[in-house]
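Consider the two complexes below, in which subunit A is the common component and subunit B and subunit C are the respective partners.
Presenting the complex of A and B:
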């Protein structure tokens, strides 16, 4: 009885069959030692992105919880409530001024931050700045298409915040002794309810400036469109004292 | 270092380097000729180690010699070539990416020269970091021994931070005051993430803006151009003409915004002129045209769209066929010589040429007739020199289709024609002339003057009419009446939907020689079929 040939003995008729089947067409690359090394850049970028992710999540949570009230009804109570929520998230994060700058940059790129809503963004940025380790901060907001409201809210004593660009409504409200510098203009209700400190707006300022202001100074390089009901404090227009001093009717266009 | 020794060294190293970089498609680098190096071509002496032109990398022997005693020659050459190759294999990769990065930098810097500097530094940082990340490169060693002043010092500090290597900057007091902040911010940018390069260069430019402005002021005060980069300059000469063509096409398509494209083309106009753009005609002397960025934008966009053109049977018109022999005389064209019957000799009396006659086969030869493009440039149309105009883009595509088929194109550009708002170009195969006429914008009202159109058509049966308008024409009835009288193929394209377009469609719906297309988006342009008609009068 014939035994079938073992599979090893079956020949396909190809020349130098063994060598052919064993040859790896990419063997030349096997000798290539392409050793990818980890460099500090990987670690720096990874950690920056992790912090950025947490800052972004905090902002999104603030939007979820407080956006409705802040968007439709800007009342001092709602602002305080939103600020407390923002501060709660911010305090959990270990960040630097560069992270705040990256967040501002991300605000310009709407793909990365889904919604730029002027009110909540301002409250959140204020919470970030007020709780930052650094005492001096510069925020580049000049390329934002939307002006951010409420920037510099409750800026504490010893902090100096410079805004490159314009501020929106309610800039520097409730200022608590810090120094806020706006390189461009600021809109209405700037410095409302501020308790102390200094606001310097290099260009123009809107209506209700210093409404219920309790102390501190507002310096305006351009024109003041209208003053609010000021309780105490000083307002300067082009180095000239406009409050107190010359009788000025509140909210008057001039 | 001797040029021959350096060339030998490069040839010896090249197979290993090619393998290391996974066999890039670039020619073997060359050593620059000694006389060029000593002359200091383009103002570069020992400072510049690598030059790249048309994908050809050239190493400067003077630079390699200048590094002697600090670094082995092999290492200098390897570092330079690693850097050069990674420009082709990683960043910027192609011309379009280079333009995109430059455009982003320009948005921040607002100045052409500063934007170019930012883009150059950014591209260099990425290329070097890519090599370092891959390992086995002497680039850090090269940077350790390079002279560092101003910007170079900041970039070297950045390298120290992101590569984790000592490049001789970290010594206390050596790092410039205030640069620490910049370096810290620069180090956070994800250089190796290609998908974020647009954002990254934005951040990179912001960090360096003030420093570069100060640097520029210092250079201006010294009255010099400043130091060249040892790793070579990043001008457009490194790209081949085909790459520039492709890059401009891709960039036009990716941006789709005329002002942005124009901005970039204007900034690179000198380099583009060197690459042959803006040169028209053939040999000879005379002033060339400046590059018209707007026309270039539409040209590059139109290259991406191919509009089909229906051919028609042409009577008594076809290719010339050899018919009979004639004795050759001096002055007759050589290409018609029949070598077989001339016995390979070129001699009057013996040599014979073919006499050619035009084929007559009716219905067998198909071709495209000439075309008259009537384009509306009234106030209701988009100004093609301000924003992307689909009308002009469509007309460019139609022009390409006819010129490719060997036909000629005439243009009737009109707004309020009876009041002089018109431009007429007679039938021509000069593409740029057609483009220039199509790009003219008059604004104002819209009215056709049939007295202009009739002589252009001139009773020619073999002529197509391509009309592109939003149909908001004061004397639309006159146009529809006119189209009813002629028997030529008419392709009417209306931009956007409006009641006038609907009225026009209704008026010509029974006419077999008129086909109508609507263009609302750029994607509608390729759907146009030129000469698509239901009845061929010619074949009746």
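Presenting the complex of A and C:
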């Protein structure tokens, strides 16, 4: 008995170019060079992951190299040294403010970042903010359980950084002309050594505020717990000038 | 002869635009209702010109007395060089008692008395520019007869046949009233585009009522008599066409001299069509049409859209148009889109059919073909709009697909390029993506693998 031929062996009698079944329905796109693969969302996620990976590695290197000194001895030159190391890493990364925000959230996720150490984390975040392309930045730190120290370190002129949540110790130290806004409270040594610019803390501020500050202004919406030894600059408490003035003595508890 | 990009310009675009302007300024008062590449046009005139040049089929809807038939008559007269008297005598008027004998042809009664069978062809079957007035007042069988003839260009009666090589069809339809029948879906699908002839506004309408008849420039009793004589003559249809052409050219000259607008000769129409045919789709335009076709035909659950099957909630593709419509896009849809986009690109003097040409014509090709689900209709019927409801829905659909295309175009083109490479035998995997078109690409690749 004869077996019927399979469909692919049946000749249509048409020349190849007329046979629809043989035609490449995508032939117009034959010469198009594929730029990327993966769906757009995947590409965005992949690219964000790649940037995040590099930011994370920079932070881990900073921890390896500088953590001991920053954790145990908070001296100004150790901070400067750590900042230089952090800046070296972040300058090699092409990132956006969203990546910095992701890094903030990742800081508390132990699976992604092994240690959240408030000092190095703050130095590293400051280096990221100071070297970001954006001039206006918002960091949402209100969800973090740990307060980050040293946020806003050396914030340069022309940059505006808004912290949603509270700042830790040494917030805005060494400020170099930028504008730092803390939506919550800040702890001790805020604005220490700042050279210019403006710090606005909407709630309360701790001790040693403006210690060795050389210029600029600190505005506090709530209470100033204590002023530091201020060289130059102004401190306002609820719109009232408290330094220079006779109302306060350095580090006075009240 | 000027040459821009790939297009040879013989200046016919200017001639056609002058006809547009002449109709718009002197014959058919209207407001512009569509914007294409920064220019505003009246869709009824623009699409009628494209229909006549592309040998298309156009359905013109609107309220009674708003110029549906008249606009088509002016376009036919100026594009095919027929005096209005001939256009009128060739029109088929839609009414329930209409017969094949009046539409196609009748027996030659004199010869029949002598026992000889011969056909007297109707003007409608012979003229290249065909108008059916109030098609939805014809019973469906008669509608079908006309559209079958126009589809194939063949008119048969008493075992005789004439073949129209050049023809276009305009059909007008009133909104549903007591005297109308429905136009059944397979017949509606044969129309390439749907346009609305709109109210021109109180002030223009007032001017129309105040002025005297403006169409006398397109009348010429002598040429009308001559053309009637040719239509009635017993020479072979092919020869008759040649005689018609001579008289039409003479009428064209007359219109040019008296009205200052130059109608289009047969040779010019052929050259225009050749110029149009040389225009290809840009990759973006091609990818966009594929994306649109996928959304208007895809059903994950049942393999394709079918008017008898209702897709359910919970489908992954509920955000796409396939979830909002009942029927499946026909194979005539891409042809209509390409033909009209090609015509528009040519008219605007562009060297390729780009995505804007496509998005401009698509709503007019989709409006009458799409059957929307009842819930979509009830959701949107009270939305503020200027267009008739079906056209409004089609424009909304195109706007949404355009948005998706903007978001996905690069990835979509990559997926199509990879599809091409797989077809050519490269060992690659098709790209994944969240649109029905990616599934369609995979299905084609799978079918190719099975064939091998």
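The criterion applied here is as follows: the second predicted complex is superposed on the first by the 215 of 254 C-alpha atoms of A that agree within 3 Å, B and C clash if a C-alpha of one lies under 4 Å from a C-alpha of the other, contacts with A are read in each partner's own complex, and residues count from 1 in each chain.
Just so it is clear, contacts are C-beta pairs under 8 Å (C-beta built on N, C-alpha and C of every residue); 3 or more make two chains touch, one makes a residue touch a chain.
Note that the coordinates shown come from a computational prediction; the quantities given were computed from them, not determined experimentally.
Q: A:48 in the overlay: touching subunit B, subunit C, both, or neither? Say first, second, both or neither.
A: The first partner, subunit B, only.
Q: After the superposition on A, what does A:77 contact: first (subunit B), second (subunit C), both or neither?
A: Neither partner.
Q: Touching A:24 in the superposition: subunit B (first), subunit C (second), both, neither?
A: second
Q: Could you tell me if A:102 is touching subunit B, subunit C, both of them or neither one (first, second, both, neither)?
A: first
Q: If you stack the two complexes on chain A, which partner ends up touching A:140: first (subunit B), second (subunit C), both, or neither?
A: A:140 contacts subunit B only, not subunit C.
Q: Can you list the residues of subunit A that meet both subunit B and subunit C?
A: The overlap between the subunit B and subunit C interfaces on subunit A comprises residues 28, 32-37, 39-41.
Q: Flag every residue of subunit A that touches subunit B in the complex, lowest number first.
A: Going by the criterion above, the answer is residues 28, 32-37, 39-41, 44-45, 48-49, 98, 101-102, 105, 109, 140.
Q: Of all residues in subunit B, which touch subunit A in the complex?
A: Interface residues on the subunit B side: 19-20, 129, 132-136, 161-164, 184-185, 187-193, 199, 202-203, 206.
Q: Over in the complex, which subunit A residues touch subunit C? Could you list them?
A: Subunit A residues touching subunit C: 7-8, 21-22, 24-30, 32-41.
Q: Can you list the subunit C residues touching subunit A in their complex?
A: 281, 283, 286-287, 407-408, 410-411, 413-414, 416-421, 423-424, 431-434, 441, 444, 451-452
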